[in-house]
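Chain IDs A, B, C and D follow the sequence of writing; residue 1 opens each chain.
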Amino acid sequence: MSITTKQAARAIELAAAKAQEIKVPVNIVVLDTGGHLKHFVRMDGALLGSIDIAMQKAKTSMLFRMNSESVGEFLRPEAAAYGLENTNNGLVGFAGGRPIFSNDEIVGYIGVSGGAVPQDLLIAVEGCRI
Amino acid sequence: MSITTKQAARAIELAAAKAQEIKVPVNIVVLDTGGHLKHFVRMDGALLGSIDIAMQKAKTSMLFRMNSESVGEFLRPEAAAYGLENTNNGLVGFAGGRPIFSNDEIVGYIGVSGGAVPQDLLIAVEGCRI
Amino acid sequence: MSITTKQAARAIELAAAKAQEIKVPVNIVVLDTGGHLKHFVRMDGALLGSIDIAMQKAKTSMLFRMNSESVGEFLRPEAAAYGLENTNNGLVGFAGGRPIFSNDEIVGYIGVSGGAVPQDLLIAVEGCRI
Amino acid sequence: MSITTKQAARAIELAAAKAQEIKVPVNIVVLDTGGHLKHFVRMDGALLGSIDIAMQKAKTSMLFRMNSESVGEFLRPEAAAYGLENTNNGLVGFAGGRPIFSNDEIVGYIGVSGGAVPQDLLIAVEGCRI
């Protein structure tokens, strides 16, 4: 099962509400399990450079079916996985990209960018409560 | 003035309602006046290939501040503007991309793809009634 | 010899004066003989989509050391040069790109876009009178 | 408000005067607030490789509405934002890209490259005194 229009809208709504609560304008993207764009919102005032970062976080999460910061563990210099960050037209290894579950199954991926990393994470986690 | 989060959501809502009414699942994109992504929705069942077509229609409209089908007039073989379609990383010259006006000023651009061209047009026109 | 900063600025100045005279806001680009950007001006009100068209016209002229519309002769369907328009990351075969001469030698290339093709041509010709 | 032809020309003029004073030939680019090219000058003798560096500095500044060296803080290995430098088709995190203000509002962005980084910075700062 891949995420529905209604589920994606709900994820965006939850994430945006948290972003407004903590007063951080962000870009929020939802991809389906194939990595294709399903829903996207740029909140007023969000940085233009964060559009692509949000996309790349969600994409990275989708490619490895894990949180973007978990992929980041393999991107650390100590991991010695030379060039890994350049595969797949670029990977992003910090928090804000996560799988969205429904009935214990991954149905899509969320990516959030625009605030400090812990803020992006907080907002992304909230978006996954669909 | 560039389009607000609220205006973009309203444009998507109006377009999606028309798409549901005529039973055509589409991709709907809203760009700001600089061409940066503001809001995107893919309705359940919409073709994946239409994601990019919707994006390119909106982009083409933005680049020339006119409807995408008006740009298409310059892309007809008779216009002899050889290679024009390859500029700007590709132009799309059929209906579904249009400027969104507010108070007689362009505030953004909509792009719709997924149905037959007249259906995409109908949905895009509806999305501009913000 | 390749075009100097002073010569390029003069070409832009002459072209822009003509554009203002005929009231057509355009994008004007000057490349050196190696095709590298030397000078660029976007006049207020010029279409964003014409930035790349101006660039591509000048590039096409540079690649074949002739006017862009002369390259266009080879891009006509009758020329049967299948795929030619896709070489060099895209060629543009209509007027507005031309070599700039100094002492009977090509020193650079101008590209103009934003108006109707005959207007772009008129402006480009003026820019070559350095 | 986005930068005017006249303001952009003034920014280039100021920056180029400083570059000549300190005898460093540079590339100078001015973008509007949406990141679209407004004005560009390559001074005689400036390195060809610095054309794109100047462009990327200005782009990076535009994307995050801050100086390019401030974006660089997030690109340091200690920041552990793995892959950030690959987003947005590449970011540049050293000095020479800056917002241009007019009446306490950002109207555009300047990017300078060709000299040592402190020289590029000095020239960019001067270009912002419009």
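Observations, loosely collected:
Following the convention adopted for this analysis, a contact is a pair of C-beta atoms (placed from the backbone, for glycine too) under 8 Å apart; a residue touches a chain by one contact, two chains touch by 3 or more.
Since this is a predicted model, take the numbers as computed values, not measurements.
Counting hops only between chains that touch, subunit A reaches subunit C in a minimum of 2. The set of chains in contact with subunit C as well as subunit D comprises B.
Interface comparison, B-C versus B-D: the higher number of contacting C-beta pairs is recorded for B-C. Both copies, subunit A and subunit D, contribute mostly unmatched positions to the interface they share, with under half of the numbers common to the two.
Per-chain CA centroids place subunit A at a distance of 25 Å from subunit B.
Rounded to whole angstrom units, the spacing between the C-alpha centres of subunit B and subunit C is 30. We define each chain's centre as the mean of its Cα atoms; on that basis subunit B and subunit D are separated by 32 Å. The set of subunit A residues touching two or more other chains comprises 48.
If you sketch which chains touch which, the pattern fits none of the simple shapes: not an open path, not a single ring, not a star, and not all-to-all. Interfaces, counted as pairs of touching chains, are A-B, A-D, B-C, B-D, C-D.
Subunit C makes touch with subunit B in their complex at residues 47-49, 52-53, 56, 60, 72, 75-77, 85-86, 90-94, 117. Interface residues of subunit C facing subunit D in the complex, by the touch rule stated above, are 4-5, 8-9, 34, 36-44, 48, 51. Chain contact summary for the complex, subunit D toward subunit A: residues 35, 60, 62-65, 71, 77, 80-84, 86-89, 91.
Across the interface of their complex, subunit D is touched by residues 32-36 of subunit B.
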